[in-house]
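One chain, subunit A, links the two complexes that follow: it is found with subunit B in the first and with subunit C in the second.
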Partner chain A sequence: MPPGIGGLRLAPLPGAVPAWRASVDSDGLRRVCEAVAGSGGRLGALWASDERDRGAGFVLHAVLVAFEGLVCVDVRLDGETYADVSDIFPAAGRMQRAIADLMGLRAGMRDTRGWLRHGAWREDAFPLRRDVALDARLPAGDPRYAFVPVEGEGVHEIPVGPVHAGIIEPGHFRFSVVGERVLRLEERLGYTHKGVEKRFESLSLEEGARLAARVSGDSSVAFSWAYAMALETAAARKVPERALWLRALLLERERVANHLGDLGALGNDGGLAFGLAQFSRMKEHLLRNNAALFGHRYLMDRVVPGGVTVDLDAAGADSILAEADRLEDELRTLRDIYYDHAGLQDRCINCGRLTSRTAAALGVVGLAARASGHAIDARVFPGHAPYGELGPRLCSHRNGDVAARIVVRFEEAFESLDLQRKVLHTLPSTPTLVRLPEIAQRAFGIGWIEGWRGEVLVAVEADAGGRIRRCHPHDPSWQNWPALEHAVIGNIVPDFPLINKSFNLSYAGADL
Partner chain B sequence: MHKILLQIARVGIKTEPAPPPDEALRRAAARMSEEMLQLLGRALAIRHVDAGSCNACELEIHATNNPYYNLEGLGIKFVASPRHADMLLVTGPVSRNMEEALRRTYEATPEPKLVVAIGDCGCGKGIFGENYASCGAVSNVIPVDVAVPGCPPDPAAIMRAILTAVTTTAKGR
Partner chain C sequence: MSAAGIAAQFAELALAVLLAPLLTGWVNQCRAWLQNKSAPGILQPYRVLAKLFQKEVILAHNASPLFRSAPYLIFGSLALSAAIVPTLGTDLPLNEAADAIALVGLLALARLFIALAAMDVGTAFGTLGARREMMVGFLAEPALLMVFFTASLISHSTSLSTIVAAIAHRELVIYPSMAFAGVAFVMVSLAENARIPIDNPATHLELTMIHEAMVLEYSGRHLALIEWAASLKLFVHMCIGLALFFPFGIAGGGDWLGLVLALPALAAKLAVGGAALALIEMLSAKMRIFRAPEFLGTAFLLAVLAMLVHVMLEG
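Up next, the complex of A and B:
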């Protein structure tokens, strides 16, 4: 049942998730966005493509997440400008700035600062346009960036990054503080921008799977599945049941691995080093099992278009079941310790609160949204095979603080272990991989997967000869980074690492 | 508290022996004399720099500190500033947006300034390649002593590379 958006002709896309596609003109975009926002929907992703070689100018693409499913909207532009939608969806702001940097299309926002373009290319160069070669050596531009100044008595700035103190990805945080209290945080990202979207265009549809698996290394399964789903949509081909169930098994293992890692790091940042030792040991155990059973600790390149490259025998299934029992036992022990530990609770409760209202206004997704009281989970709503049959339980909390994000991680880890057991008990006996039929030029597909951090989207358009014409991978961190700026307001600087870790957002996934 | 002690006692010690160095990973001639190494002992301070990786190499660098590998147990620890570091552990490809930051980090590091490039991308064999936004291999930007391939290299491989960089002879120390 397509969402009813006034006057919009929606053509269904034949994929695993309910999705529709429509074309509108530049004014139509705002009408569609307002209609979707008005019925509680949100912005999934926003990107642009260069169709000048086909005589069609530039095209803006928006994916809107409505209650019924995804609405993919193509907007043919007359020139190089389009209507700003960041007042309807604040998350659009940085996406629009990225489009301006890469494609040279402007939305008429007040904020005209570069986002992905630091000093690596000039303001008048647009590397994602088709007339710029992948290996072009673009002349360097002006690297200066105007942070928003905060003025007043006793206010000072603390610049942090891009090289951080820990073992983490690079980004810059500019704190404006009074004493120890944070008045404002401004993020500047884009440091790991390495031309991922342009690189996709030099690859075949098959080779693209390897790049998709490396958009964000901690969400390799989620991006691989979303990419595969997009190609399977474009090919209008279903994959065998067993492949789908194995994909769910791998996705849940990726979720548990990341949740274990985060729970350990959160304990450590909260002053409980014991937690890091325990959880990192449990995570290592799971990763070693991944290597033994599936040949890769982070399960890269195991989910491919058409199915999966791995299978599981009875002994393998038994080892996962035994691991699930052991992990569940240990998780219970550690959950008791975390919930009883006065020092840790003192650091986490009411720290870094993201209210339900702010989360909704910013269009926050995934784990962070669920910890702020929003029932969002692409495995549950709208759900796709095999999750319809698996029936995952949605885990949420109302407080929106660091403690809530810890609780949601514990609950989701338990649920993920249960889902793995269900997969192993029902794993159907079918092939695990089919060859996709040739994908026609201009065929378009979209994939939508609830990764451990939130919903991952991948949109692909095929070119002639099995090549990629355009691919846009979208990490949920695009939507959630701005929420971190809000969550730290009024907190003290030493709590920032803890708050930041409780979101654990991706730099690589959103810098592309 | 008794639950914490109970859990510690139940788990016991999981640390495994460290892997030996591997001369095949070396890119530049060993720059440290035997006396220097004796002086340094195993007290090595490392600054990690993500110069544009996908974050998978970071996960494995983290893992070198889990109880199984226990890198810190060898006296090798990660520090918060290049000014405190003997070695830079760099993941790539080096994005053009990180090129300057990586150079400045290298300049801020005191001698012996050992550099270990981590992963296929850091070695210049990664899928991202060189393009308008990517300089490719770490050695395209700063001198590299040891490079370890893998996507991502596992924690033992990373430890082997670190230990190779602080060893002067093929048989190791």
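Up next, the complex of A and C:
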């Protein structure tokens, strides 16, 4: 049933997840946003496309996550401005700033600073517009950036990054502190902007799957599946059952691998190197098993539009079942050690609390939302195939602190192992790959997958000749990065790495 | 002052300076083993030092002479403190010049210079680390002094040689006070040497660092000297612990054979001590920085208790 949004004509999209599409004008966007926000919905993604070559000016696209499913709203703009929605959905702020950098459309918000640009191109150049060539060399712009100053007795700033003492992704964090206490944190991201969206436009729909798998390397399966789902929606074609179940198997393996890695890293950041050693070993076994069974440690390019490129025989299934039993045993032991370790618990409990209210106000998604008491999981709702049949258990916690995010990771890892067993016990025997029919020009599709970090959205519009007209991959980190700024307030500076790791957000996925 | 004493003095100094990185290598090896990892070679710290000595020194534009001279001063004061602690023999010429209180002073001097140098360049991390280091330092020093005073009460002297001679060469007496002092000393040493649970020597997270944050701006031979000095500090602390609580095997005055036999005894004791340190580190997580005062406050309390116990039970 489509969500009832006053006077909006919603056309259903024929995909695996319930989704509708509608066109509104610039004022209509705010109305729709208010209606969705009013009924407890949130913003999924926001991007823009350049339709001037078709005589339609610029178009703003918003994906809203309503109770009933996704509402994709296209807003045809007359000029280069549109109505600001960041007061309704705070998460929209950075997306709007990115749109201003890439497409030159302004929302009239107070914050007019660039987000992705970093002086790599000038303020009046917009690389994502269609009249800018893919290989165009744009003159460098002004790299200065005005951080919000915090003033007062004893307040000082600590700039951290983008080059860190360890080998990690680049991001700049500006702390305003009194002594060791954090008054304010301001993030500055965009250091890994590489023009992924522009690159998509030069690829065929088929080639796009490879790029989608590499948007954020730790969520390769989630992005691949979301991209495949988008194309399957655009083609209005269902994929064979066995392919869907194998996709779920791969997605759960990706989830377990990342949770294992994070749990180890969280122990290490708490100074418990033992945890890192144990979890790294377990993760490595899993990755090696991936390589042996599916030919790739991180499962890149195993999920493709139309199905999956891999299959599993009985021996493979047995090895996964044996691995699941072993992992579960070891996880139980390690869980007891983590939960009983006074020193580690002292670090994690009440550290980096994201309250349920803040999480709701910021539209936080995924694991972080569940750890703050929100029942958000795209596997449970809408529960697209095969998850409807698998019936995953939603794992959540109320405290919203680092300890809660550790608990949710443990519980989800156990649940993922169970889901893998269920998949292997009921794996239907059908083909694993079908050829998608030719996708018509202007056909639009959307994919929505609960990756390990949160919900991954990919929207694709096809061009003539099986090319990509526009593709927007959306990582959940867009919504969750601002939440980190709030979770850190009032904590002490040396606890930040632990809090940051407990969210473990993607830089590459959000910088695009 | 005997020939054996002078020989012992030089042997001790050379031993400390040359073997300190070996102890660090051993601790790192034990840590790796305890994590089921294949360990780096025990000589790895020497390789790191050799590499750093060959590297070019990069200085910040606004670095003052203090920043450049600090590594030498730090290394110097730690080498001198190593010479005071009796490791092989108690008949040390230098011991007449400096007692336990001077030793604490020398350690404080090294800390002062490393903190000043950290603030010299004006980076956020240097200041952050220096601030934390001074907090740890001002809490650790009194506790360390109290430990020494307990030992002094037993031996009626603040000279380390006399303390060691008094404890090692008496008939076997069990001092309950030394048990309290020993626990306090271990806690202080963990904090002083930037080990878990106060600091994490293996971390790459600049925001959590104490010692590492202070030396982020150093490179080349300066960094080599600071790393070497850090090894020396661990060596010195370990030797103080062994001298106060397990002084057996340390040669008395003029005892040539004792001096020769003291070396394997020392090596064995250091090996056990290093393994114990690695075990402590592996079992604990790093504390929140504001737990450090509680931790060191406990150490101070235990050290004071040790003195009281001595006065009440052993006096």
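Worth a mention:
Assume the second predicted complex is superposed on the first by the 512 of 512 C-alpha atoms of A that agree within 3 Å, B and C clash if a C-alpha of one lies under 4 Å from a C-alpha of the other, contacts with A are read in each partner's own complex, and residues count from 1 in each chain.
In this section, a contact is a pair of C-beta atoms (placed from the backbone, for glycine too) under 8 Å apart; a residue touches a chain by one contact, two chains touch by 3 or more.
Given the structure is predicted, the values throughout are model-derived calculations rather than measurements.
With both structures placed on the common chain, the touch criterion links A:Thr192 to subunit B but leaves subunit C unconnected.
Judged by the touch definition given at the top, the superposed model places A:Leu211 against subunit B, while subunit C stays out of reach. Once chain A of one complex is fitted onto chain A of the other, the partner contacts of A:Gly295 are absent, as it touches neither subunit B nor subunit C. Once the two structures are overlaid, the count of subunit A residues touched is higher for B than for its counterpart among subunit B and subunit C. Looking at the shared chain after the overlay, A:Gly166 reaches both subunit B and subunit C. Contacts of A:Asp269 after superposition: subunit C is touched, whereas subunit B is not reached. With both structures placed on the common chain, the touch criterion links A:Gly79 to neither subunit B nor subunit C.
Contact with both subunit B and subunit C is seen for A:Arg281 once the two complexes are overlaid on the shared chain. Looking at the shared chain after the overlay, A:Pro139 reaches neither subunit B nor subunit C.
Common to the subunit B-facing and subunit C-facing surfaces of subunit A are residues 165-168, 274, 277-278, 281. Residue ranges on subunit C touching subunit A, taken from their complex, read 31, 34-37, 124-125, 128, 196-197, 200, 202-209, 212, 216, 281-291.
The part of subunit A that touches subunit C in the complex is made up of residues 157-160, 164-168, 180, 267, 269-274, 276-278, 281, 341, 343-344, 346-347, 492-497. Listed in rising order, the residues of subunit A touching subunit B in the complex are 116, 118-121, 127, 132, 134-138, 143, 162-163, 165-170, 190-196, 198-199, 210-211, 214-218, 220, 261, 274, 277-278, 280-281, 283-284, 287, 291, 297-298, 300, 333-334, 336-337, 340, 506-508, 511.
By the touch criterion stated above, subunit B contacts subunit A in their complex at residues 3-4, 7-8, 11, 14, 48-63, 65-68, 78, 80-82, 93, 95-101, 105, 127-134, 151-152, 154.
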